[in-house]
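Both complexes below contain chain A, partnered by chain B and then by chain C.
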Partner chain A sequence: MEITDEVLIDLYKRMVRVRLFEEEAGRLAESARLPGFLHLYVGEEAVAAGVCAALKNEDQITSTHRGHGHLLAKGGDFNRMMAELMGKATGYCNGKGGSMHICDLDLAMLGANGIVGAGVPISVGAAYANKLTSNDLISVSFFGDGATNIGAFHEAANMAAALSLPMLFVCENNEYAEYSPRDKTMAIADVIERAAAYGFPGAIVDGMDCVAVFEAATLAIEKIRNGEGPMMLECKTYRFYDHVGVKGTASNYRTDEEVEEMRKRDPLVIHEARLIESGVMTDEEIKNFKDTIQEEVDKSVEFAEQSPFPENDDILLDVYTNGGRT
Partner chain B sequence: MSTVGLIANPLAGKDVRRFVSAASINSDRNKIEILKRCVLGAVDAGAENILLAHDFRNLSLRAVESLNLGNKIIEMPIETEGNRQDTTRAAEIFKKEKVKAIISLGGDGTQRDLISGWMDAPLLPISTGTNNVFPFMVDPTVAGTAAGLIAADKLEIEKVARQAKVIHVELPNGTKDLALVDVVLVSERLTGSRAVIKPDSIKQVIAAIANPASIGLASIAGRSNPVYFDDDIAISVSCDPDSPQRVTSPIMPGSVSDVGITEIKQIELGATINLEGPGVLAFDGERDFVIGEEEIVKINVLRNGPRVIDPNYAIQTAAANKVFLREE
Partner chain C sequence: MSPDNIFEGATGSESSESNAEERKLGYGAAVVETMAQIMREDESVFLAGEDVGAHGGVFGYFRGLQPEFGDDRVVDTPIAEQAIIGLGIGAAVQGLRPVVDLMFMDFICVAMDQIANQAAKLKYMFGGGAKLPLTITTAGGAGLSAAAQHSQSLEAMLCHIPGLKVVMPSDAYEVKGLLTSCIREDNPTIFIINKRKLADTCHVPEELFEIPLGEGHIFREGSDVTLVAIGRMVDEARGAADILSKEGIDCELINPRTVQPLDIDLIVESVSKTGNLVIVHEAVRFGGIGAEIAAQIQEQAFDYLDAPIGRVAAPFSPIPFSPALEKLYVPDAERIAAGVRNLS
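Right, the complex of A and B next:
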């Protein structure tokens, strides 16, 4: 594992793709051009970028209700994502899943999930299949600190450990389960202690530093792929926007000062400064790359807005066999 | 006032070395139980007060909440930020309050943070970290008792403590830093996940304590040319992965590496030696500072560090002085 210029640039590009897409989605939601719930990942980009950069394309991931970042960091398509957010037929789920159900089996992204913690057992299933078929792949489950208070997580952790499955548990510990501070809902502060309880290793890393996440994920993945069983990577991170949307519900579960303080640790700003300081990218290269990605995002909005809604006749398609038709 | 200071690093024993070595996770619950035993030992030995340094997990507060020690417990009035400065600021307050002994839970890095706030602190470090050259593996009740006896003036600290060496570092930007065990130059480009994992990345080890029986980067020096706590020298070992001269060293728990070394040099206390970049400087096992091409780091080792209380020796001294005996 060498941190080459290529790795540093790759991490940056993954984070920028997530950030610019999500900022645009946030603006669209605030101006009522985008319907439904929107749980933004902004602030947590270093986790998805660092982990996905350490994976093979075929390694499976499962995601959360805050799942745009995971798919985008794994190479998701802006057009299909934006169309899905707008409920259009050209979207990843033909417009019937929305923000919380985005998936792309071609990228081995087995799905975001509207139910907290529900993605973790799905990852266990994928890991079990990997083990049974000896395909040298691992599965990764992203989940939040709150998800580890849910029964599904515990069943999944137990099964992954008992069967010694090739699976990386990635806890995005942003200190809040929706609107509930972690210390009001958990008697422990570090989720890796739950890994130890189920009998597998875990480690904590700074989730605001994409290089730290990449290094840690690479170390764990190598061991997991070598058959050493599951591991947990706990990334201490923070979401800059509210649980839902941009302005959210304005409930006072955290202070503006806290958010401002954490914004000083913006993973994109930190990494951008590092790239410039070390001469890996110039100001101009960074600006050009951002402009290119923003253009792609703008085109995806245009694509989505011009795309049709799903046909009424297809409402049961993908729900029942033959779309409910006899 | 016969006060014992108490501090714990919640993050000690939880870094990425758990992926690549046999290091275990040291849970908050375990640390709370250790803290409890320290407090009970100290109070039983005669400490009138325990000054609790807040940590961002409230480990110390949670440890004492069921002990019903009333006004013996004093909470330190500081806000925590969840970083190493919490430990340093707590040490500054310990110094201001003139506590007679500090029990500090963590690894080598934690003790480093502490002395950044009080260089010659009366320190009883207890191991809860990953690499633990400096802190003691000791039953916390015994450690608490030792600290309590010193606080209560039943033991003279001068008779049971020894002053440690400190590695003083002047960084290329002029700022000063320090380490208690080792400063290591590694051929990485960033601090990343902070731990030093790759033995081939190690370019030079400067160790104030190089114990061949220890775990961590200093074991490279320790197994090449031991330097102990009381020796008035330090040691420098230059490394090269292609060197035919090899030393087997447990650089992480359960992880023994074959490290190529090229030169071993003793360093007199007070003498200045230079390390040249590029690379990353690791302090007491953690990558902490990036050094550019041709940048120079100045290092010298002095014996002006914490007065380290050896809990076993302290208890043995107390027993020899019949401190534990009394007539009803």
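Right, the complex of A and C next:
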């Protein structure tokens, strides 16, 4: 597959947006300026960027508790994201969803999810709507390796296959289900075997390489759009920070050496080297781009901090549609 | 009774909007008729669930829909309750109006994450942006020796979760009016079909109509005691009211129709007239919807009460299989009448 310079730059921009936002969120969490739990996506950017770059804007995605990257890679807005992380009225969910429930229906991002595996059946529903209305769209569900141990995943995989739905399953295999290593929680090395069990094809992809993910996603999406039923990508990836927060106190489940080793495969570093080597971007262009994005991130912090909290009365708003307040 | 003959052998019961001159329809038949009429007028409505298509549902109340609407709009799904609800949620967020069926109400427990953590909260968590026009149909209630995993009345559990609406039709007229409202509603609703009512007929208009969710109905006016009965218990409470009227006790019978939202104003108004209240439901007494009604009535109508509020409900046990024990388990007219007499 020929990858144009525009695509290479687009992939990079998506990853940088995620990385710089997430690093900032991590700093804010460490200085206790963010309430609640923060599940950082840093290290896994190539997956969201590679898949989202291969989608149409209207294709739906469902996400996970580690969901900032998916929304940002699909074009999410820094200000509304940061405000949501701070529980402010200007946030994506008016401050009432927080990090684990960010969504943007205008971007067809049907929500992060606090329940592991729960977004997968919802993607099945979106895919069914696509099939029923023949709108030529597909739905994508991002989930972790840990989610493939839960019933919802299996029900959804089987149903998507049985109904031959236009759906892409994207497993972000970061080797840990929270703090438990994969080899303690499943007896197979490759999650992709689970797709075969339900009768649909898939591929293992280097989830640290945005181009590899983009190529695989593009091929899969083309087949899915052609009515060939669901497919799955298992993206082998790694999260650089802890399950929650940046580096927690219970961090003896993996060694610092392991993390350092994986950081050598940082998806941004790999792709930057490629861009420079192939002459697509210069060092200076990369630096300038990062500076621009960091400025936007800084502004989002300012925007969020200056934004009001929701009104007290909003506690009962939007429990139901029509009337809103009960 | 075999599920295959639910539309026959109808015993007949007076409608809440009784009019003997007009057309009668069975409770189960009202489900099919309503679904078919709504699906004809609104292409965004589809039905999905286990055996709802080729088989027409295990109780037959979806029979004939797949031949008319095809297997894309009447979808036979795998036995996968979480995915069935997820199918509904994802399609509803995309603007369709799915009706998804969980064959027996007990199976709601299998799908509880998708119902309680996803469907119920989605709009709120997303800051109001999402609409979720999702109807979940399911068969509840005891009395068919279906034992502990196919007979429960779990409405109180669902009412406790903000974001859901919980609807319990007591007759065929309400089936049609309430199911129409549920499907046209932009919130997730759970429509509880009582499996022992399926053959009962009453007057039902031919054309579609809506009964507003959250508005109760005074089934019978009376001056001495207010009886609030839920779902099929309306029939039993009516029997109790007949027994008691011969003893000179005049019951006012209220059918809330929906338990979430609950028309507490109607009950307050009635109690302020009668001074007495007995609540009847098929679910176990502890933590049942009767407890909530009693609590709200003592908050809002304490000064009108002449006696402690009575509750007639199931004992705190799983539902027994043996017909001899199940008969003891489910409240009936005699037990309700005794509950009224016991008001001190």
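We take it that the second predicted complex is superposed on the first by the 317 of 326 C-alpha atoms of A that agree within 3 Å, B and C clash if a C-alpha of one lies under 4 Å from a C-alpha of the other, contacts with A are read in each partner's own complex, and residues count from 1 in each chain.
Simple rule for what comes next: contacts are C-beta pairs under 8 Å (C-beta built on N, C-alpha and C of every residue); 3 or more make two chains touch, one makes a residue touch a chain.
Since the model is a prediction, treat every value here as computed from it, not as a measurement.
Taken together through their common chain A, the two structures put chain B and chain C side by side without a clash. In the superposition on chain A, A:Thr90 makes contact with neither chain B nor chain C. Residue contacts after overlaying the shared chain place A:Asn322 against chain C, while chain B stays out of touching range. By the touch criterion stated above, A:Ser63 is placed in contact with neither chain B nor chain C. With chain A as the common frame, chain A serves as the apex of an angle whose CA-centre rays point to chain B and chain C; its value is 120 degrees, to a multiple of 10.
When the shared chain is aligned, chain B comes close enough to touch A:Ala220, but chain C does not. In the superposition on chain A, contact of A:Asn173 is made with neither chain B nor chain C. More chain A residues lie in contact with C than with the other chain of the pair chain B and chain C.
Using the contact criterion defined above for the overlaid structures, shared-chain residue A:Ile122 touches chain C, although it does not reach chain B.
Contact with neither chain B nor chain C is seen for A:Asn149 once the two complexes are overlaid on the shared chain. Across the superposed structures, the minimum distance from chain B to chain C, using CA atoms, reads 24 Å.
Across the two superposed structures, the residue set of chain A contacted by chain B and also by chain C is empty. Within the complex formed with chain A, the chain C residues making contact are 46, 48, 72-73, 75, 77-78, 80-96, 98, 113-114, 117-118, 122-132, 162-163, 165, 186-187, 261.
On chain B, the positions that touch chain A within their shared complex are 10-11, 14-20, 24-25, 27-29, 57, 188-194, 197. On the chain A side of its complex with chain C, the touching residues are 60, 62, 91-97, 101, 103, 105, 110-111, 113-115, 118, 120-133, 139, 151-152, 155-156, 158-159, 162-163, 317-322, 324, 326.
Across the interface of their complex, chain B is touched by residues 3, 188-190, 192-193, 195-196, 201-206, 209, 211-212, 214-216, 219-220, 223, 231, 274, 278 of chain A.
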